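Structures incoming, each one as structure tokens.
Each of the next two complexes has chain A plus one other chain: chain B in the first, chain C in the second.
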Partner chain A sequence: MSITPYRVLVGPEGYLPPAAASRGVLLPEKGEALIEGAIVPEEEAMQAIATKLLSAKNPFFFPGPQLLWDWKEGVAQKAQAVKRLADLAGARVIPMPDYRPKYPMINPAVEINPNHPNLTIWHNKIDLCVFIGVHCHYANMALKIIRGGTSCYTVALCGEAGHEDAMISLCCMGMPELAKLTEIIRTMKGEQAA
Partner chain B sequence: MIEQKVVAPEYLFNEAEREEQFITGSEAVREAIRRANVDMAISYPITPQSESMHLVGDIYAEGYIKEYFRGENEFAVMSSVAGAAMGGVRVFTATGGPGTLRAFEAFPTWAGARLPVVCAFMTRGINSPLSIQPDTLEMAYMLDTGIIMLHAENSQDLYDMILQAFMIAEKPEVHIPVGVFVDGFFVTHTRDRVKIAPPDIKLPPYNPYSAPVPVMDMENPPIRQMRDPFVMKSNFISYAAHASWQQEILAAAERSRRHIAHYLGSLLEAENENAQVMIVASGTAVSQSREAIESARQEGLDVGLVKLKSLRPFPTEELKAVTANAKAVIVPEFNRVGWLAREVRAALEAKVKVVGGPRVFGGMTMPPDLILDEIRRCANE
Partner chain C sequence: MSVKIIRPTAAFADLLPAEYLELAANGPYASPKTINDLGNFKEIIEEHPHCAGCGVALGVRLTAASLPAPADTLIVGTAGCSFFGLAQAALNYSCSAFGNQNAVASGLKRMLKIRYPDTHKDVVVLVGDGGIADIGLDLTLHSWFRREKIATIMVDNEVYGNTGGQESGMTQEGQVLNMAPKGKNFAKIPVFELAQVSGCVYCARVTVASPKKIGQVVRKAILLAREVGPTYVQIYTPCPTNFKFPPQQTINIAKKAEEGHYSFREFISDEAQAYWEKNFSSSA
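Showing the complex of A and B:
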């Protein structure tokens, strides 16, 4: 473990950035979040996400299978809320419909894949991306590859324990948290417009 | 079958009134599984594990487990267990010695596929001339498979650790297998006092829909996606994806530290940690060390003890802290290669003298006098 705390910063970090968990970055508890490897209150991280989203040149949401498939009660409503959030933030959406490595390659204009997420980010010149509804293993795997090969800022809105490998990560993300983040963005956007 | 009520894990582990029973280690496994809300158990006999899975079969017959069958061999069992876990059920099995090695290919694939399997390993000799006697050599091979490794000292640990293992393994951010290791015969085939929770309570069920990988349910989305291997692909993207995947498995084990500490109390236990001579051990070598320390103290020698409960993840920082004042660390082991001494040396970074031994193997027990001799030698240096 390094003596200096490892920070999860925007890349490109190189071929194989370490998993932040292996460099001592701990996951947040409920009510907390991560900003660049440090645990902060959830509210502070939501403010930071709003600032980053509204100042990004080309932000994108990457919804995963847990949000794209209407596989259990409440998912469709959550997907609609995420779409409203993305629209409000001026972000576009590229789906991650499944996790299969696809060869010779995916069409990066319309799809992202956790095994080579850098292709979609490079092709679309994405400077900020938001992961939501991606199974945690695949999200962490993709977040590391993005940090390794691109200069894209990464945000994870996780319904479980959160992601050390994202530059900002919320955990335990349910409908109330989505509504709160949406409201923060709405307020910040209004202040910027005023 | 007794009607069982689902309770919080913390209640089952720490708060429920326990009854003391005088039972074997194998019977302690049965009692743990009775309260573990296991969906499926798959067995294959190998000494000294056979009795444990026989007894698990008994409670299947009583209705405590939904499915139970015997595999064709250990490799088939571990592969079937993988299928069950991919299908989203809580699954348990056990093996030991040559059975562990026969099934070996399965263990890194369990970890790589993020399967929260719990497996008990009742260790025994594996090398020729073949022996069915106690030996922990197989644990050396398991250290880098990616699974979490807990080592029980006695039947009480075995009962507790099996139950706790399910809760650790199934955390969404962990979600890798947990092996609960125990020294065969010494624990599995001897009776001991074990305090167990009432039989009418059980753990909460596994929730596969919080898993970090999709459940392999072929009928319901979002699942129509295989965890394709990269083995057939030769290009930079495949290398990077595979490497990032492997890092994530190691990261999952790191995340388990918090949960091991929560459920087991700590990754290690230390007694008299200011002593200049410390014994660092795991499994039944801890019990033998306790005997030796008792004798040493009667001679006026100042000795401390570190019991390692988690070997993967290894409690490096904790071990450094509790041996900070030691001039020598003694590592008694039940195998010929001294894998634990290697681990301890790597953790302590040559800051303290590590004595790799005494070691016994081939089946004999560890005479406390052997450990006492090392204590005297180190104390008088």
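Showing the complex of A and C:
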């Protein structure tokens, strides 16, 4: 009996989409990445991210607490690099300052919350979002909710092991990887302009 | 957590929602505030989903405003009404399984002591009467027997408030509730006395009608727990929803209780008293 591999595709997939890990999607090793549930070389995923970002109608970056708060050495530089990357890609930025399930509700025009991320996606008509600097558990939860309820394409630039629940996920995302992705986008933009 | 964690990075500072910027600029982290400063700083808990007039909400708010070092404090909670406010608080907060809070807090306190040997990391249990007096009584008592250096604070609304109004061990004898139509059959569990004989070096009983007292006893309990031993504070937080009084009467109900079963009580061991006088008597 053959089992069709689970693909992490654009939703809406339904109220409770499965965690991709529970359907056999594995995390990438260093130098690898995930595209829609399949492990690919990191370079290929970066190219795919650049293509998706530059072709999106309304792309947004969602930097999380690890980038918004200057909690340790190197964070400020990384935040600058991410801001440059977003600007270069023509993406806007909405912050995820913390994970509190804020009452009565967040202002979806200016922030995103992992407990109900779709409010922000719907309000701003976002068709592609990039998670970066969000702690893994909350990123996974929010990515799954977005896949369940919206048609937004999700990208995770993860400094740790990566995210099965994102449509494209890089892992081990440090400053060199950010610079590489920025360069790919710059090159692709130049080619498109030409 | 350290104060650094609420310093915005320059790249994204202009994108942070206003309340976060206000918290960073005028919160209680860099220069700790007291109850007396309420109204003049950005509180770490403001909006919450508690019922109108909720005593627990007020108890949690006043406790949060009394923390001597919010940036270095970890609150451990559990299921119950207190969760609603605490989940909104800009504090390190860990919600444990129902009744496990003092066991979880013990582990966290020990871990923090190893990880940060030169910094005081205050671990404060802040839960309701069900969590401490009923479901978590064994783990609470054992944490006191072991003399774990944690402060345990009970917000006592004398009922299981958010599950329809069942009696708790802290409900008064004879009290009729939605889910106790014949009235409670036994007396309030004497947790204050249990704390005294189980190793707590400081115990206090207050109500939300006395915010300044809450400020004093919570601060004292946390500072003594740092060095001397376990401490316990019991705050009466009346519940308008289940005791069916108008929300604007909460303070009056608490004030009335101060003349009866919730009069102010304080116990301090000789060791704690000596430590307090040596280190903090001028700031008491």
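The criterion applied here is as follows: the second predicted complex is superposed on the first by the 192 of 194 C-alpha atoms of A that agree within 3 Å, B and C clash if a C-alpha of one lies under 4 Å from a C-alpha of the other, contacts with A are read in each partner's own complex, and residues count from 1 in each chain.
Throughout what follows, a residue touches a chain if its C-beta (ideal position, glycine included) is under 8 Å from a C-beta of that chain, and two chains touch if they have at least 3 such contacts.
Bear in mind that the values here come from a model prediction, so they are computed numbers and not experimental data.
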Clash or fit: what happens to chain B and chain C when chain A is overlaid? clash
Going by the contact rule set out at the top, does A:125 touch chain B (first), chain C (second), both, or neither? neither
Counting only touches as set out at the top, which of chain B and chain C does A:30 meet: first, second, both, neither? neither
When both complexes are superposed, which of chain B and chain C contacts more residues belonging to chain A? B
Please work out whether A:72 is in contact with chain B alone, chain C alone, both, or neither, and reply first, second, both or neither. both
For A:98, select first, second, both or neither according to whether it touches chain B, chain C, the two together, or no partner. both
Per the contact definition in the header, classify A:140: touching chain B only (first), chain C only (second), both, or neither. first
Answer with first, second, both or neither: which of chain B and chain C does A:18 touch in the superposed model? first
Touching A:148 in the superposition: chain B (first), chain C (second), both, neither? first
Once the structures are superposed on A, label A:57 by its partner contacts, choosing first (chain B), second (chain C), both or neither. neither
Report which listed segment of chain B has C-alpha atoms clashing with chain C; options: 81-89, 171-179 or 279-287. 81-89
Chain B/chain C common contact set on chain A: 68-72, 98, 100-101, 103
Quick check on the complex: what are the chain C residues that touch chain A? 2, 4-12, 15-17, 20, 47-49, 84, 87-90
Touching chain B in the complex, chain A uses residues 1, 15-16, 18-22, 26-27, 65-66, 68-72, 98-101, 103, 114-116, 119, 135-138, 140-142, 144-145, 148-149, 160-162, 164
Which bits of chain B are touching chain A when the two form their complex? 114, 171-173, 175, 209-214, 220-222, 224-228, 230, 233, 237-238, 240-241, 243-245, 247-248, 250-252, 254-255, 258, 317
Quick one: in the complex, what on chain A touches chain C? 63, 67-72, 75-76, 79-80, 82-83, 93-95, 97-98, 100-104, 107, 110-111
